[in-house]
Structures are given as C-alpha cells and as structure tokens.
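Note that the chains take the letters A, B, C and D in the order they are written out, and that residue 1 is the start of every chain.
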C-alpha cells in the first residue's frame, strides 16, 4: 500500500485510542474473524458472490494485517520477501508446476 | 508493498501454473487457513509467542490477500480507502474513542 | 455423544492437568484453529479430499466443543435445543425451503 | 447429544431442502465461519464476554458438526474415540502433564 494509506490506517487507530486493544493476540483473532466474514461470501457457492461485499471484507483483513505489522514493528515487504525465499525453496518450479500438492508430499 | 514484492508474488504463482487453483473461493479459504496458523501462535498464551513463526504466518496471510486482489483485479489502496471511508463514518472519534464496542452498539 | 465418550474426553484433560489452559477464550481459538485444519482438507478442491483426515479434524473440533461445554458448565442438548428454537423461528419452512438466503434477506 | 436432538437437527435440514447445500466443503466452511462468530465473543477481551451469545455461537458450531457427520455418514462417538486413541498415544501423561507444548516438541 502507499504510505498515505498506511498513515490513514494508523491515524484511524490513534484517533480512537484503539492501540490499547491491539495486542498481537487480539489482532490475530481479528484477522481470523475478518477472514471468515470474507469466507462467508462463499459459504454456499464458489461462483455466485457479492463483489462489493467481498471487497469490503478483504479490505478488513488487509487493515488488520497492517495493524499487526504496526503493533509488532514489522515491514510488509521485509517479511513477505523472507517468506518468499522459503516458499521458492520449498516449491521448486520443476516439482510444483501445475500441482496443488503440499510441499511435504512433493 | 513495493511493486517488486508484488511482482515477485505474481511470478511465483505464474511460474508454477497455480492460477488455476486461485479461484476467489479457494483464496478465501486459504486466507482463513493461514490466519488460523497465525492464531495458533497465540493458542495457549497471549503473551508468550514465537516471533519468527508469527512473522512467517502473517506473511502467508498477506501473500494470499495479494493473490486474491490479483485474481479479482483489485488494488489494495483503492479497496482499503473505500473501506476506511465507511469505518470513519461508522466509528466517529467522539463516540468510539477508547471503546471496543461494536458500531451498532455505540 | 455417549456419556463414556464424554468421560474419556474429560479424563484426558484432567490426567494432563490441562484445565488450566482451557479458558473460554483459548477454547474458542482452539475450535477455530481445528475448524481450519478441517477446512484445509478442502483448500484446493471441494470434491477430492482425504476421508480419514477429514474424520480426524472433525473429531478435533467436536472434542474442543466438548471441552468448552465442560469449561462453561453447559449441556449440548440444552444449548442446541435453545438455538434450534431460534433457527426454526428465523427460517420458517415456507420461506426458507430450498433457499440458501440469509434470514435477514428472506 | 440425545437422539431426539440429532433428529431435530436432521428434520430442520430436510424440511427446508437444505441437504443440497450441505456438501462436505460447504459444511467445513460453515464450521469455520461459526467458530469465528464464537471467537468474536472474545475478540477484545478474554475475560469479559456475553454468556448468552457464547452459548448461541457454540450451539451453531455443534449443529454444523452434526450436519457434517450426517453428510459423511459418520458417528460422533466412533470418530472421537478413534481420535482419542491417537491423542492418548501422542500425549503420554508423564510427558504432557501440565504442559501446553505441541506433541512434536514434547
């Protein structure tokens, strides 16, 4: 996200004094809760869903992820690149291409 | 995230032909599954957790969110700003300050 | 479940002194975590799944539900019947028949 | 649960022709969604929660677990006892007593 968007998320929390609720554990719960509101858009059908609702719920997940990055003093680019290093090693192209099998069964 | 990080996520998927598995419903499931691997870091304690493990699981959630943005042709800044418009209206500072109460009970 | 099965679950917890970890919040996290291990069986396909794995993960969810009932001094039949009273009122047969629409849109 | 309670759950589904929506994958999603409505009761506090709300959400999880047992032709006692055999072997009392450590680190 752009720095202005990240700043807007931070300011929203600060203006409401909500940092006090943003423990890592509470934010982990919140990410799961919002992820399941997103999942609810697909509860009974994989194909028919409310696009506007999906956008809102996905945004909620992203906002809580940013809150957790902030709470833990982390940078999205840094942790994602570290994880992609591992994913690329765990799923070599020649083995994983076109397969949905988990790395420990490749 | 920076464009290079987003490109790396996209290239990882494309190189493995994994777009075929990335239906919106499958990605919604994946975000919830990874969110719960993150939650598992806090299953029995809110205070004691494995920081490196938390970083990895949070990165996994962020990567699947980016996959879903890509699958649906969405931009993180756009949907987050649209959602923040709504959040700011739902939780006015004067009412929400210091309170963890849900908007419909404010 | 039969009383012997419920007793076996209780004895398992007691023998290991695990009641100390079974706060309602920790058990709510645990139910969600196990529910997502169950969901993972269907991450990339709705039709192809490992039946033995599904049985194990569903059992894990049921065990943590029993732990939560025990922790809160609740009886499954009682709370389920109370909830079914509400569900039957919210989803009248003539309106809900054959429809997956949520009650507030019926 | 008592046979009458299980029959009530089954009749509720049948009367509404909802079996058509109860694929194993959809029920796995539903269990996770309800588990997270239960988790939401503890989103910002582990100690202060709405007991009546907790009872309802826990009942919802249990009802969807019964729906999944029915869909897959499974018996709760059978799969729970099979899983408890494994749990007892994975977590021997002498090693696991008083410890919240996962079996692969015991």
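As a working rule, a contact is a pair of C-beta atoms (placed from the backbone, for glycine too) under 8 Å apart; a residue touches a chain by one contact, two chains touch by 3 or more.
Since the structure is predicted, the reported quantities are computational estimates derived from the model, not experimental observations.
Comparing the contact residues of subunit A and subunit B by number shows a mostly shared set, over half of all numbers used being common to the two copies.
Comparing chain pairs B-C and B-D, the larger number of C-beta contacts belongs to B-C.
Between subunit A and subunit B, the centres computed from C-alpha atoms are 2 Å apart.
Per-chain CA centroids place subunit B at a distance of 25 Å from subunit D. Residue positions of subunit D touching 2 or more other chains: 21, 26, 29, 32, 35-36, 39, 42-44, 46, 100.
Residues of subunit C that touch subunit A in their complex: 29, 32, 36, 43-46, 100. Across the complex, subunit B meets subunit A through its residues 1-2, 5, 8-9, 12, 15-18, 20-21, 23-26, 28-29, 31-32, 35-36, 38-39, 41-42, 46-47, 49, 51, 54-56, 58-63, 65, 68-69, 72, 74, 76-77, 79-84, 86-88, 91, 93, 96-100. On the side of subunit A, the complex with subunit D involves touching residues 21, 26, 29-30, 32-33, 35-37, 39-40, 42-44.
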